[in-house]
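Just so it is clear, A, B, C, D, E and F label the chains in written order, and each chain counts residues from 1 on its own.
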């Protein structure tokens, strides 16, 4: 089996902000596990796709959720005509055949999943499949990357210290305005001036964070607004539908947000 | 496989209130995911049926509930004479063959379902079926729409920020009186005067919202009352059975409501 | 398949109190869903049996409970010699072949059940069997009736507003004394005088409701007492065994109840 | 299938205290369901065995527990060489072939079990096996008896009012001293004088109920003590092992109990 | 099937402290169920092994845990080439073929297990296998023994009164010093003087119980220390590894314990 | 079956700090179970690998997690072409064929796992496989080792006293600075001076423990930093990515930590 279906054919656009590419390359050179930290919609998934393309390795992405168990990652027996047959899960596939495995928001998963990755993140670099009575040594190309949103963690649901200490970390945040405008213009196909207006709107919303908003507008939302305008909606309707209405249901915050937005419109 | 069984043959009646049709058309043109926000019985389901008809796309509707898991959406293995066989769930069907997929009250479902839809709602537009070791790229016609009732959400059960930010939003509310009366008259087959009386009754009940009533009478309830009258019940009995008794069990609120209703009867 | 086993052959005795028969007939004419509201043992089940007989439709009754899931209503796959085969649940049977489906105390069931009935209770009148990849359109004779005991509901277990608003409601309570005595005499085979004594006893117990008793004696309990006397027990022993001992374990309430009863005995 | 294995061949010894035999006989004549109320070890199980013998009906006994589900009572599908085959549960067996079914401490079971018995306890006398698509009408000899220990019930675990009201009730308590001594002498094979001493000890312990003891010594414990003495142990050792040590782990209560016991020894 | 694999071939060493052997022999003569009460590591398991050897009966031991269900005790269906086949659990094996069944810390198990043993602990002496539609009468040699650690019980996890009252009880505690030293010397193969030193150390630790220690050193720990010394470790290292470090993680308690120990070393 | 795949071929580097090797050798000579106590990343796993190599025994390692059940350790039935077949779990394999079984963070597992190991940790040295109706006597080479992090335990999740008392204990902590620097230099391939700088940084972070940090930097983190530098990153970037960012998300602590680190850089 090869993992060709998991290779990324064309370069995913990624605009670096600091030394994150150098850090990831050094981590990959040493095959050390990496944790990407940062808020929603600021480009963590895009970054790992870009790095997989840059390093020319297959990328196996798994979005974790609170019902995800170790078996969803490692594999399980399925009933087939000739009896039960073992099927590798996505993590095992990446370990066995050599891929970057990206576990998105691993903290959402049940804790048995974090234990499964422990022996892959120290000198052993093995994946014990207890139910299959097999110990899979990691392929030379295997590397593990996880994402983590510090704003979401709570006392009841957090990575254990013994897990966190196994990972290098790279911090992500919203890019500086000029960089963000360039990203929006490119991704939404708008001119740079309009993109700048959208970024200004986003910054207003981010200032409201902690004052009634859980999180400000993400880069993704700005791209949504740009695309709606490309499809013919006027700016106000596009921003209302892509930013104001999704971000809050509170009438007063919506008013404040709309006023702030109006002030940004040239 | 085609999705002909999911096509809507005749135009579902829908009375627009604002620019919601234009917004949805722009969203569909860009294949951006949409969230319909609003209270019970104000026409969200009817709107999405109307849009599917207008855009001439099949519509796959899934009513979420708190025991619904990702497998209910994505699919599962079933035991057949020749062993286990994979069966696509309704979401996978819509993704694979091209349909608007409407997830009604998705917030009710278990959180693993929201993670399943993430890779369908960004640039990737893929549905990874981990249990099937398959990555389904979305058909060009696939579009995702969900509904959300802000009045119902609580701290323990809400969409994650990282989910909300992926959707455009359209707000729904009860239509203005004249529009609502036209809808009631058309749907219940009553004359417009009687429909106006029923709408006046509904407005009285909506004023009691927050003063003993969780929610006022919906447009649907008014249609029920009209239909009971068409079947021969007098106005008082029809309104009592379709509005007063269902909406509350509190004796005092029932009295207040009945008095308010009586004042509306010409 | 026909539903002959679910037809009611002989008229179930039902003594109307108000316009409940007219309301149910109008609701059935329009195929609108109905909710029967009222306390334990006051005749809701008997009423729906009577209406099914009167309308000459089969009646499929399902007693809900807190472990009941949507699959118990809709159906499931069972393993047979030739692999898994789909078996319709009782609700699907009623939808497919045309019956009144009576879901007794539906609020007890898990919430996925209430979502299953939503598309059956609006203009769509369909039952989507997601696990079976089938959409069952309701038979012309299908009608849905549910029961609901307002005294039992709590914050943690109640029907959602979006469910309640889909149903017409009919209120039930204990019948007036003369009517109740006629019912007891007929059902227990006692003379009308004794039945009147039993009804007087019931009214005493109903006055204690809220003063140490959760609920007063139901019509059913009076019929039990009458039947024990028909089998040879004296009045005191019959009333003690059918009313006093079942209704409370509190010594003082039992004393109060016994004293009140003694006062009723001629 | 007959239920011969469930017939009771020889008369179980039972010493009546009041009119309980007459009440049960009247209830059985009318096939009304019966609830036996009372504390641990006072003879409820023995009474129902005696009545089954006296009425010459088979007796199917089921001890409920908190993991018991409706399927444990009603039946389930089992996988056999030719596919899944339905197996009647003990309740279904009693309903189908005619037996007294005794559900011991039914309140311990999950609530779906109580709903299963509802249609068996009113005029319908049917057992709907939803998973089997079958409605079993009760055999003419079927009768339902349940037990209930009022001292154990709590707010979170109690029979619903709508269940309680379906049952006649018979109260049980410890027998008067002379009767209890006769029972102990007979069951343990001791002389009546020693049995009287043991009953005196039990009464001392019952006086401590509520003052450090949850429950006093039961008749069963006295029989245990008598049997240990028959096997050669001295009175003190027998009483210590059968009453003092099992009933409490509190050192002071044990002292008080031992002192009270010593005072009873002639 | 015989239970030869469960017979104990050579005498397990047991040093009696009181009349516990006589009480157990009387209980076995009458086949009354027995509960062994006492703290960890004081010889309850050894006692029941000794009694099984002395009475020449097979011994089936089951260590209960909080996920243990009635099926783990009673048996279950397993899928075999010819369909499902019933497999007796360890309790059923003991009941059917005649053994002492020892349920260690039964209170840990789920409550359905305690209900399973009820009909085995009264005059019926039967084991109803509801899932197997079988009633197994107990073999003449069957006897039930359970253990119970009063120090561990809490309000949420305790035996029900109706279970406790079915058992005779025998109390266990740590043996007197001279007896304990003899046991340690024999089991660890040390001289009696060293064993006395270890017992003195244990007593110091037991005095700290309730003052920072949940439980003092058990006889088992002393034997561990003796065995480490036999393997070549010096006394301080042996006691540190077998007693101080396992018993507490609190630095101050460890200091106090170490000082107390030093004072015991001759 | 032999356990050759579980043998450790080349000596795992381990730098002893105290008498831990002698204690483990004495424990193994007596086949007494051992508990390794200590914080994350201080070398417990490496120690047991070293001991397995030194004693020339196979090593079966199981990382426990909160969904791990007794069946994951002991084994289970799997469906194969000829029906269900028993598969030994990793613990059973070690017991049956003779290996050191290392249960890492056993306290994370469900409590049924701790009961499974009880009969392996006393004189019986047996593993009862209740579901397989088999009692496996331990191979002469079997020895059980578990790890335990005292800093993690809480009231709701801790080993039972009756489990703790069955194990010898060995304490682990971070090694003295010179030893730790030697380990870092060797494992990361850096010179000893740089390693000393990294150890100095770690000590600063460990001083912050309890003042905003749950745990200080582990030896593992220092090795990560050294390896990143070997791959070309400058010291600040390497330390930031391997220590500062993973260890905390708090801005102030990060500042304090960064300042402390800067002070260490020569």
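By definition in this document, contacts are C-beta pairs under 8 Å (C-beta built on N, C-alpha and C of every residue); 3 or more make two chains touch, one makes a residue touch a chain.
Since we're looking at a predicted model, the values are computed, not measured.
Enquirer: Supply the minimal count of touching-chain steps required to go from subunit A to subunit C.
Expert: 2
Enquirer: Can you name the chains that touch subunit A as well as subunit B?
Expert: none
Enquirer: For the identical-sequence pair subunit D and subunit E, what's the CA-based rotation angle in degrees, nearest 5?
Expert: Roughly 60 degrees of rotation.
Enquirer: Taking all residue numbers used at the subunit B/subunit C interface, answer same if over half belong to both copies and different if under half do.
Expert: The interface is built from different residue numbers on each side, given that under half of them are used by both copies.
Enquirer: Farthest from subunit B in C-alpha centre terms, which chain would that be?
Expert: E
Enquirer: On a C-alpha centroid basis, what's the spacing between subunit C and subunit F, in Å?
Expert: 60
Enquirer: Centroid of subunit C to centroid of subunit D, CA atoms only: how many Å?
Expert: Distance between chain centres: 30 Å.
Enquirer: CA centre of subunit A versus CA centre of subunit E: separation in Å?
Expert: Chain centres of subunit A and subunit E, defined by C-alpha means, are spaced 52 Å apart.
Enquirer: Hunt down the residues of subunit A that sit against at least two other chains at once, touch-wise.
Expert: 79, 82
Enquirer: Viewed as a graph of touching chains, is the assembly arranged as a line, ring, star, complete set, or other?
Expert: ring
Enquirer: If contacts are counted as defined earlier, which sequence of chains do you get going round the ring from subunit B via subunit C?
Expert: Sequence of chains in the ring starting at subunit B, next subunit C: B, C, D, E, F, A.
Enquirer: Subunit E touches which residues of subunit D in the complex?
Expert: Subunit D residues touching subunit E: 5, 40-41, 45-46, 61-68, 72, 78-82, 87-90, 93, 104-105, 108, 149, 152, 214-215, 217-218, 220-221, 224, 227-228, 230-233, 237-238, 241-242, 245-247, 249.
Enquirer: Contact residues on subunit E for subunit D in the complex?
Expert: Within the complex, subunit E contacts subunit D at residues 19, 22-23, 25-27, 29-30, 32, 35, 37, 69-70, 77, 79, 82-84, 110-112, 114-116, 118-119, 122-123, 128, 130-131, 133, 135, 150, 153, 160-162, 164-171.
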